[in-house]
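What follows is chain A paired twice: with chain B in the first complex and chain C in the second.
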Partner chain A sequence: MKIQKGSYFAKTHEWISQERDNLYIMGISDFAQSELGDIVYIVLPGIEKTYKKGEKIGEVESVKSVSEIYAPVDLKIAGVNLNLNETPELINSDPYTSGYIAKIELLGAADTLDLMDADSYEAFISTIHD
Partner chain B sequence: MAVILTKLMDKHIIKLKLHMETNNKKTPLYEEHLKLGAKIVGFAGFSMPLYYKSIIEEHLNVRNNSGLFDISHMGEILIKGKDSTKFLEHILTAGIAELKPNNITYSLMLNDNGGIIDDLTVYKFAGNDYMVVTNAVNTDKDFSWISLQKRSFDVDAKNMTDKIGLLSIQGPRSRDIVYPLILNHFRQGHCGLFDFKYAAKPVSELNHFEFSCAKFKYINVPAMISRSGYTGEFGFEIFISSSDIKSLWSYFIKNAALSNLLPVGLGARDTLRFEAALPLYGNELDETITPYDAGLERFLSQTKDFIGKEPLEKVKNKEKKLIFFKLSGKQIPRHLQKILDENLKPIGCVASGTYSPTNKIPIGSAYISDIHTSPASLKNFFIDIRGNFEKAEVINPPFLHRKHRKINKSTNK
Partner chain C sequence: MKSFPGVSGLVFNEELLSTQSSRGVSGISVPDAGFDDKHKKKKAEDYIGEKFIRKNDPELPEVSEPAVVRHFTRLSQWNICVDSAFYPLGSCTMKYNPKINEAAGSFDNIKNTHPLTPVKLTQPLLKILYDFDKILCALTGLDNFTLIPQAGAAGEFTGMKIIGKYFDIKKNEKRDKVLIPDSSHGTNPASSRIAGFIPVEVKTSGRGYIEPEELKKHLDGSVAALMITNPNTFGIFEKNIKELSELLHDNGSLLYMDGANFNAFIGNCGISGMGVDIIHLNLHKTFSTPHGGGGPGSGPVGVKKFLSKFLPVPYVKKENGLYVLKEDKEHTIGKIASFYGNFAVILKAYTYILSIGRQDISKVSEIAILNANYIKKRLQTAYKGSDPFPDELCMHECVFNDKELQLNGISTLELAKLLIDYGFHPPTVYFPKNIHGAIMIEPTETESLDTMDNFISVMVKIKTASKNSAIKAPKKTKVGRVNEVLANKKPVFR
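Moving on, here comes the complex of A and B:
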């Protein structure tokens, strides 16, 4: 299971990673994609839309199940990964890079984020795996 | 796992339970599945592999090369005794009396109202000996029904499910791994748990729905092999004692290069069977559905009586009809979602829905309540997928587009 160092993770398995200043990229973790299996469809969030932490921003559908994607922080969508419309399987093959979901602007202060670093997230998912 | 389920997934649309249940049974190959990195899922009371790496990759490999399935969860009920032919004629819809030794027939088993208790295959050995292969989810129910019905017959029924392991090798290249690994054929006599009173053909000469007995190299006990499957491809199903199935499985995995064999989980088993338009008990079939509803009337014998025949003859109008469709969008229809007509009036619900790896589109089947609507006249209809009305189009199954594939001349169902 790949856990990207330097990223921050939500309990709902989204990650964010700083690009510059207030601009972050986000996606779902390698663990999340492996639980879902082959992803065949994604509903991306709307550009410029703002979401509160925990709000549903999109949906990923795999052959066997559908999952919601939640905002890991209060955020505004700065851009989305349009490649995923045609090749949603990038989320499976490359969840931290070409399979990212959106670019986001943080709406709250970065130092008050209630997210896990890579080590804490690793410990967290080991409690999920029996 | 439980956390990801509640946090990440929309619970009401999840059909398969992804969490492990500690009271689930395990097949003799459970540890092998874990070693291969399988994602385990609870199905019909068993902990089974959903996929090893990818449903899509496993599916396409069966269509193009070959795949190995552990289907030991399926039930085997042995029927013996003086009246066994008469008894099976009574409880099954297919003609059993005309079934020849070393041949298989597909049949339905109906309740007193003509509803489908199970769909199964019947293996005929010598005169009075048969094996009925059941859906895992129905094995206990079937065995109770058989035990109840056999009271006035001189018949012995044994549920052998725990003693018999079952592998399936499916795909156009299946023969490339099965034939070379066979050591020799049993002509007559005991084939492990089975008794062959008539000469069995060499495996390479089997036609669809015939079976034989052979010993694989390095495996101590013989196995019963049938030309059958649930994928729409050329393939084999191999019955061997539970205690020997692990060595046979490992032997195939070790020789996987012979036919580009990959282990395949239940996820791809479902997408493969659905592309081939083969029904799944619990989706297309249940006790409230008749063979006419499901379009399976060709499996009702016209020349004998059986349980459920009389009530079926009284039913003048079908209550529902099974149709198959494809979607123009990308969202996947799921079991029990609503079907809406062009005025958005509900007219039925989804039986099976999945993604077709062969065609790269969502496909499905549905029961339509208005039986006067012909499938061809259903021009504009919609599936209510979580509030999105996705446009669907009726198509004639199967969903196998074979024209770009190399067709092997002996490939049949």
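Moving on, here comes the complex of A and C:
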């Protein structure tokens, strides 16, 4: 299970990584994609839309089920990974880079983020399904 | 050595009927009527506008009767169904469909009746609808049923529309939220959303049911109803249902029960006494009418008296000794399907109930529960760590997670595929979503101890199957393992 250092993780298994200043990239974790199985379809969020933390921003559909993607923080969508429309399996093969979901702007201050770092996230997923 | 229903055998190939067509071949021989077109008094053109008249004959397959019979027999043999195999598909209640139901549904004078036939000529059929409503009331303790909804989800939608109208008209209140437990049926959030509500998830406790404290967190003036499946999709009885209903009613909200799992209750539990205001039942599950492949189904909705005036129309009423169809409900939500639903399905369910009788119908539930607990208990030995609720008795179905399977590297999907080669339909898999790699087994009351023992021994065997055999299963079916990713991304429809 790959857990990207330097990223921050939500309990709902989304990650964010700082690109520059207030601009971050987000996606779903390697753990999340492996639980979902082969991803066949994605509903991406709308560009320029704003979401509150915990709000549903999109959906991923795998051969097993449909799951929702939640905003890990208060955010505005700056751009989306349009490649996923054609090749959603990038989320399976490369969840932290070419399989990212969106570029986002934080709407709150970065130092108040209530997210886990890589080590805490690793500890968190080891407690799941025991 | 134990033998299982799944064996290798000859599986016939079959082409499309259109590719088997030969010009002039026919299944029947029609004698020459002895006159040609010029002797006919009128031609097609006299009835139909020129531009609508077909220039060429339709390309219908021209085949002999044996070719047609073999065609459909062979196609049916590629399939697995409740008439050929154990079908423990959890949450679907795939019980055996007694043939007496089909006999009743096939009476010529019933199946050929046009829905617009004057009521004076359809009295016996209207009596069946009238009586069936009373039977469902007696089995649930509720006051009125509509038999119109043509599927379970159609029943849910109808129920949600009734709740919407109740708050619109009766109370003049705007309530837009419907609370839905994470152990409910998958259609519940969709039905409530389509009916105009916002579904909000309520979490199940570690013991598999909703705790009043959890419900309290969500209750405020915006909550129209709790939509609960009882027993829920873990196969667990909602022990706090009475208390939940009191909390809801104190809040001015209603309690909707998804009765898809009513096979655990029939006649043994007063639904009304649990505080349920509105329910839908699935005749194609609990009352043994055929389903799978999309229907036809029937999802009657039952209500307490104060909601009767919102039910859809028409309904059957008895007036001066005559059964009539009426549309005079004060605040009806209107029509939700043409005529009065899937009559043949209602008739088959009516036949089923009458063929068992009031005293024995409750035994159906008792045996269904006994069977599910037998499987749960027996599988607990081999799948020790996989029962998420080891200390709870289950109702009509039991759920396992994939923990024990994963020790051997086998996934839930592979277990399902391996079961097929032994001649068993797989259980429901990966649902409910909050059980990891869920395996949901519902044997129903119609299975013998022998069948269940066979199934259990195969489940135990599969646990230690080699990964190599698991990824290749099924091998004995007409079509082997399909590429699910490709099927999802590039489906071939014809």
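To be clear about the criterion, the second predicted complex is superposed on the first by the 129 of 130 C-alpha atoms of A that agree within 3 Å, B and C clash if a C-alpha of one lies under 4 Å from a C-alpha of the other, contacts with A are read in each partner's own complex, and residues count from 1 in each chain.
One rule holds in what follows: a contact is a pair of C-beta atoms (placed from the backbone, for glycine too) under 8 Å apart; a residue touches a chain by one contact, two chains touch by 3 or more.
Keep in mind the model is a prediction, meaning the values are calculated, not measured.
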More chain A residues in contact [chain B versus chain C]: B
Which superposed partner A:E55 touches (first chain B, second chain C, both, neither): neither
Which superposed partner A:V63 touches (first chain B, second chain C, both, neither): both
Partner chain in contact with A:V40 - chain B first, chain C second, else both or neither: both
Contacts of A:K11 with chain B and chain C, given as first, second, both or neither: first
Which of chain B and chain C A:A32 touches, first, second, both or neither: first
Residues on chain A lying within both footprints (that of chain B and that of chain C): 38, 40-41, 61, 63-65, 67, 129
List of chain B residues in touch with chain A within their complex: 1-4, 7-10, 13-16, 18, 20, 39, 50-51, 54-57, 267, 271, 330-332, 334, 354-355, 357, 386
Residue ranges of chain A touching chain B (in the complex, touch as defined): 11-13, 32, 34-35, 37-38, 40-41, 59, 61, 63-68, 92, 127-130
Residue ranges of chain C touching chain A (in the complex, touch as defined): 401, 403, 413, 430-431, 433, 436, 484-485, 488-489
Of chain A, residues touching chain C in the complex: 38, 40-41, 61, 63-65, 67, 89, 129
